[in-house]
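Shared between the two complexes below is subunit A, which has subunit B as its partner in the first and subunit C in the second.
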Partner chain A sequence: MTAQNPPVNRSSFSTVLWTLARFREAGITLFILILVVAVTIRNPAFLTADNFQDILLNISILAIVALGQTMVIVTHGIDLSVSSTIGLVAMMVAFVVKQNQDISIVLVVLLGMALGAVLGSFNGLIITHGKVPPIIATLGTLSIYRGLVFYYSQGTWINSFELPKSFKLLSKGTPLGLPNMVIIAIVVAVIVYYFLNYTRTGREIYAVGSNPDAAQFAGIRKDRIIFLVYLLSGLAAGLAAVLWASRFESAQTNTALGFELQTVAASVVGGVSISGGVGTVPGVLLGALLLGIIQNALTIVGISPFWQLAAQGLLILLAVVTDKWILSRVERRTA
Partner chain B sequence: MSESILELKNITKSFSGVEVLHQVSFSLEPREVHALLGENGAGKSTLVKVMTGFHQADAGEIYLNGEQVQFGDTHESRQAGIAAIYQELSLFPDLDVAENIFVGRQPTTLGGRIDWRKLYAEADKLLASLGVHLELKQKARSLSIAQQQMVEIARAFSINARILIMDEPTSSLTLHEVDDLFRLVRRLRAEGTAILFISHRLEELFTLADRVTVLRDGAYVGTRPIKEVTRDDLIRMMVGRTITDLFPKQEVKAGKVVLKVDHLTRDGAFRDISFDLREGEILGIAGLVGAGRTNVARAIFGVEPPTSGSIQLNGKEIQISSPQQAIGLGLAYVPEDRQLHGLIPQMNITANISLPMIQEYARRGWLQEKVERSSAFNAARQIEVRANNIWQKARELSGGNQQKVVLAKWLSTKPKILILDEPTRGIDVGTKAAVHALMSKLASEGLAILMISSELPEVLGMSDRIIVMHEGYMTGHFTRAEATQEKIISAATQPVTTGSVL
Partner chain C sequence: MTQSSALVEGKSQTLINEAAPRQPFLARFQRWEWILVGLIILVVILNTRLSPYFLNALNLSRTSSDFMEIGIMMLPMVFIIITGNIDLSVASNMGMSASLMGLLHNMGVNIWLAALAGLALGTLGGMLNGYLVARVKLPSLVVTLGTYAFYRGIAYGFLGDQAARDYPAAFTYLGQGRVLGTLIPFSVVLFLVLAVGFGLVLHRTAFGRYLYAIGNNENATIYSGVPVAKIKLILFTLSGFMAALAGLILAARFGSTRPDIGTGLELSVITAAVLGGVEINGGNGTMLGAALSLLLIGLMRFGMGLLNIQGQVQGVAIGLLLILSILLPNLARNLSVRNLKFKRQPVAVAILFLAVFVLFFIFFYWSRAPIVAAS
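This part shows the complex of A and B:
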């Protein structure tokens, strides 16, 4: 009943390797390991607890938004508006906090998530009821939401001194040993993992992405699922927005500008298929981790800042190519 | 029989202005296998989709157990106990076998958590009871068509539906698999399920069905107990007119020989095929599926070159080694599977028609759109393609009109010899007549046509001369006057001995 038998007539070591390689996340894990070893040889300061905590802090927000993005991509859609959602929600939440210095932090988080969900629902409505392709619909709201940031803020920023300490500690406090933000990201990942693997609705997300017509034949309400994933993507972006404002202690008109592409990159590097139906939570977390490690490593190894962006892109492409190569080898072996 | 469980009254449905169902009534009773019969395009699949709520009827009523219902989508019909296996396979390639069976209805624990262990156990039990052996964790993407069909059937069975609709479930199954399926269908019937069964294999219906309803051109023709009808009755009900007026082949005086095939052989496919084809003549090749007829056509067209024998074109012996060369020599070949080989569904009519001639319409690499458009337009008009305009996508056309576009495409190459492989398979009666009229007209203009057809009436009605093939050999050669249905069937099925090869 379980997967294929291990290949025969092989040494036990290579058998172990092939068994490992059969995990969908094997390629990217291998790439991360190689990268960590290579960078540590260049600069041992890379492989320290402090540096890794730094990396985790940096990728927490990315991981949360990328998980939302992943659910959208699994339905064969895309949500380009997440960066503007973060910008708009961060600005609104920071404004509320600035006006009500004593406000409960839990309430602030809930407010951010609710605002994000509203913006996400709007995407969902345009796509399901307006019959607009996701890439066009969210490209539109990418501009609209960013435009609303300018309108709402009248071009001004909310700065660190205007925000209460409790709000700033939301992301950085370490009452549980790790920074709160990292713990929140882990909790989100666990919830999304459970949702995608152990609820009918979660499985229907895969079904819709895998074969939309068949989903309808099977009695799945396709439009509801599609609406839902955009709502959830907005919700995740709303949560990320609160953390963003807390972490950077400000809300600016250009908050998270261009961030949408990083979330897509984290998903795709993590093995999410842009044509829908395929994608796992561990994969996306590894994708976000790889992006974080690359960014951190380029600085630590001392690559010129002028080269960093290009080097980052190159490494992402290399990771995807490695992954595809391993996948095709495994498929040939097990076919 | 008992009260009907599902009843449709005066259902009418149109798509973009074309009426597909016209006031169709139908009733299904518990403990019966009810066959729905009709030619392709008669509206069977649409009727099924109306029953399941995939489409909504424009007019008419649906009654379930005597109560009027309206299904907004397939979810609602499923709740009401209607399960359907559609003609198009509807599996999820990225999900595994077990999950495909239970998708949308995965067993859950009290907390609403999917119980994967139970899911696999139930899938295992279900497949075992169906006598089907499949790897539960295999992704549907890697299953064969027959295996996919089995998963679909398992899915339908798993619902414990009171009404089970099967739209051509046997079309891709082997005989053995069909037996298994029928055994299951009979068991379900005994358990009280009402089964609607669509199939083109008439023989099947006589062994399985209790009643049969026939549709023709979107209209209800009649419902009969299967014991009271014969095969011929059913065909008459489906076709609805006498066969002679369907095939308007005009008498044309045959011209000079344009194609002469002599002792043509391709090892493993056909042997010793000899015939000639004249201007203005339609030569029919009859025989059973798999007799090697298509292979002969493909050999002449240069797709699979012959291993021995000769082909003469206008008296000159030639070697045709590629379709490009064949097109250049004035041959055109319209393949059997137009979806697979003949059309690019996403492209519009103009682009499809101009495809083989695209080099001719270009000057220094730039496509001359005016030339392309006018010649496509002329070809489409000559053939009477029914479409809103020539920019309509090929996939939006009906099967018959798609076939016309394929014909238009090859006619735009101005061939001298046209090879048609099953030219009217899967198109409705009206379009069929139009295609036949067109073939006749083309022949009268001097075109030589080689027509492969499995439909005897078509072969008899359209051909000036007929050759019959069986197991790779030519087993008969008749003129139009000599040929009868009996002679052809006998030639197409007679045991092959060396003496019988002409």
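This part shows the complex of A and C:
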């Protein structure tokens, strides 16, 4: 509606809202700022470099997987299988590392990404060529991949002492000042940002998401794009799996159980539209940051750990409702 | 307002009844149900051959009550999915309601009062979902993803690391009891009665027709004068109530409540509905199909359990069945349309993919060999 009716006779208030709506990240940035100020007043220990490094460390994996998830959601799909992909790849990689203690770390990372990409391309194949709706396909592989974790490990798990030090340092080492994991997440974000905004394929992802038929008429091979986003989502999950096993120094059968909904939450809170075509990398990073800050702040403010999940859920709802409210106000003012 | 909307409803009821293409509709969808019946017979025959304990009335009676909570939550889920929405929060809502009941029970409140409070809270939770979907107009996937965390969080808030137990026998009858003189569990009877009720509402009332209409074309339905927002509010509220009811039965069956009760069941509920032929994008599906798929999943899991296959590994079979149930009909249609023309490129791509997946599984088994050797 707004796109067809450009605003006329804008009051200054509506100009502000109009600007807000155009930079969808502004709403969530405001939300984060309010939260940071409020929490800092309650407990100044929140606004310290150490604490923020802690938050960044906690959200790195989430950010990587959420970026993959975002590409999928932009095409009007969803990838529920990421958590099981992480679980399966983490188990396989950890086991390979346990058997080959002096394996090169680069090789391990590449192996994880390749395994993730294979699992992701399986999703892509049944969605594009089998015409299975994404939510069904990935719901199916969510339980298939999780089942394979149990089958693979026979119910056993990998402990910290079974993994070499070099592997554990992959995520936590700080040769560049920040923990490696944070740097990897930043690099991934930059690559995805460049890919989505400045490459032909990246723009085609948005085209397919906002109007699949028009995209096809414009000569975009829709199926290839959709296949690609699931492959990339799997690839991101595979990378995250290696980091997960390295950070928590273990691989269990229930690794990352339920994580898929967190990645969707980070994307959606970051302004990615579930109906496709809309979503930015900075938005998703802010979404992941908001989730990380909420988790951290609840502990710092001293909310009982048992109530933290409830507060987290409530804040996610609030963020989504506020976003919707701002958008609808803008639409009413400008219509 | 109420009078005029009643008038509109009355009018559109006759319209919809006249327009309903009943015969082709039923003819088309009974096919999937017959396939499910065939699969059920196949599973029964296979399992009877593989294990002597399969056709044992006592075993079947015990295992049937394991699936009734999923079934009870599945009934309103079928409604919701037919309208093109989804409710991811059901299992969390169930945990929240059961935890409130457990908390009140621990505080010494009469168990039936506590159960009533649980039902009320679950209904409220459903209403909040409905309000956000119908009035605030947020996508149901987003809303129920948020309440999925919110309600489970409240469950932890209520009980923390505590558990509620020592429920009176009159209450545990809900989950453990059998109908007098038979081996049929009470919860199965309750589910069947509810399923028939929900089935009648879906297939024999104007309300049920509206659900299909919303799923097929929501805007057209709104312009036809159907109170779509109100219907959505009712559906999600109903889903909350049924989730709370399922929570009580699960608590009664376990004889205790922990805040993580029923975690992850939402995916089982959706799997059962979709395998039953309910179209995930809305507009299609029958209650009979959903009920049959619940039976199929129950029998498959029971049979695999008897063969000593771990619960999570059973998930591989259920997941494959879910995907194949949609993949195979699609592929069959594709093949007949294309007249099986030979094209070089698709074949090359197919071989490439096959090679990649084969390589994956070679690696899978090769790297797994030491684990098998150790155990």
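By definition in this document, the second predicted complex is superposed on the first by the 304 of 335 C-alpha atoms of A that agree within 3 Å, B and C clash if a C-alpha of one lies under 4 Å from a C-alpha of the other, contacts with A are read in each partner's own complex, and residues count from 1 in each chain.
FYI, a contact is a pair of C-beta atoms (placed from the backbone, for glycine too) under 8 Å apart; a residue touches a chain by one contact, two chains touch by 3 or more.
Bear in mind the structure is a predicted one, so any value in this text is a computation, not a measurement.
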**Message:** With both complexes overlaid on chain A, does A:Gln216 touch subunit B (first), subunit C (second), both or neither?
**Reply:** first
**Message:** Which partner chains sit in contact with A:Met92 here, subunit B, subunit C, both or neither? Use first/second/both/neither.
**Reply:** second
**Request:** Quick one: classify A:Tyr198 as touching subunit B (first), subunit C (second), both or neither.
**Result:** first
**Prompt:** With the two structures laid over each other on chain A, which partner does A:Leu314 touch: subunit B (first), subunit C (second), both, or neither?
**Reply:** second
**Prompt:** Which partner does A:Ile55 contact after superposing on A: first (subunit B), second (subunit C), both, neither?
**Reply:** neither
**Message:** In this superposition, which partner touches a larger number of subunit A residues, subunit B or subunit C?
**Reply:** C
**Of subunit A, residues touching subunit B in the complex** = 1-3, 194, 197-200, 203-204, 206-207, 209-211, 213-221, 273, 277-278
**Fill in**
As the complex stands, subunit B meets subunit A at residues 54, 73-75, 77-79, 84, 86, 88-95, 99, 103-106, 108, 112-114, 116, 120, 124, 135-137, 155
**Request:** Write out the stretch or stretches of subunit C touching subunit A in their complex.
**Result:** 86, 88, 132, 136-139, 141-143, 145-154, 156-157, 159-161, 259, 263-264, 267, 270-271, 274, 280-281, 310, 312-320, 322-323, 326-327, 330-331, 334, 353, 356-357, 360, 363-364, 367-368, 370-372, 374-375
**Asked** Which positions of subunit A touch subunit C when the two form their complex?
**Response** 78, 92, 95-96, 99, 115, 118, 121-122, 125-126, 130-133, 135-137, 139-144, 146-156, 253, 257-258, 261, 264-265, 268, 274-275, 304, 306-314, 316-317, 320-321, 324
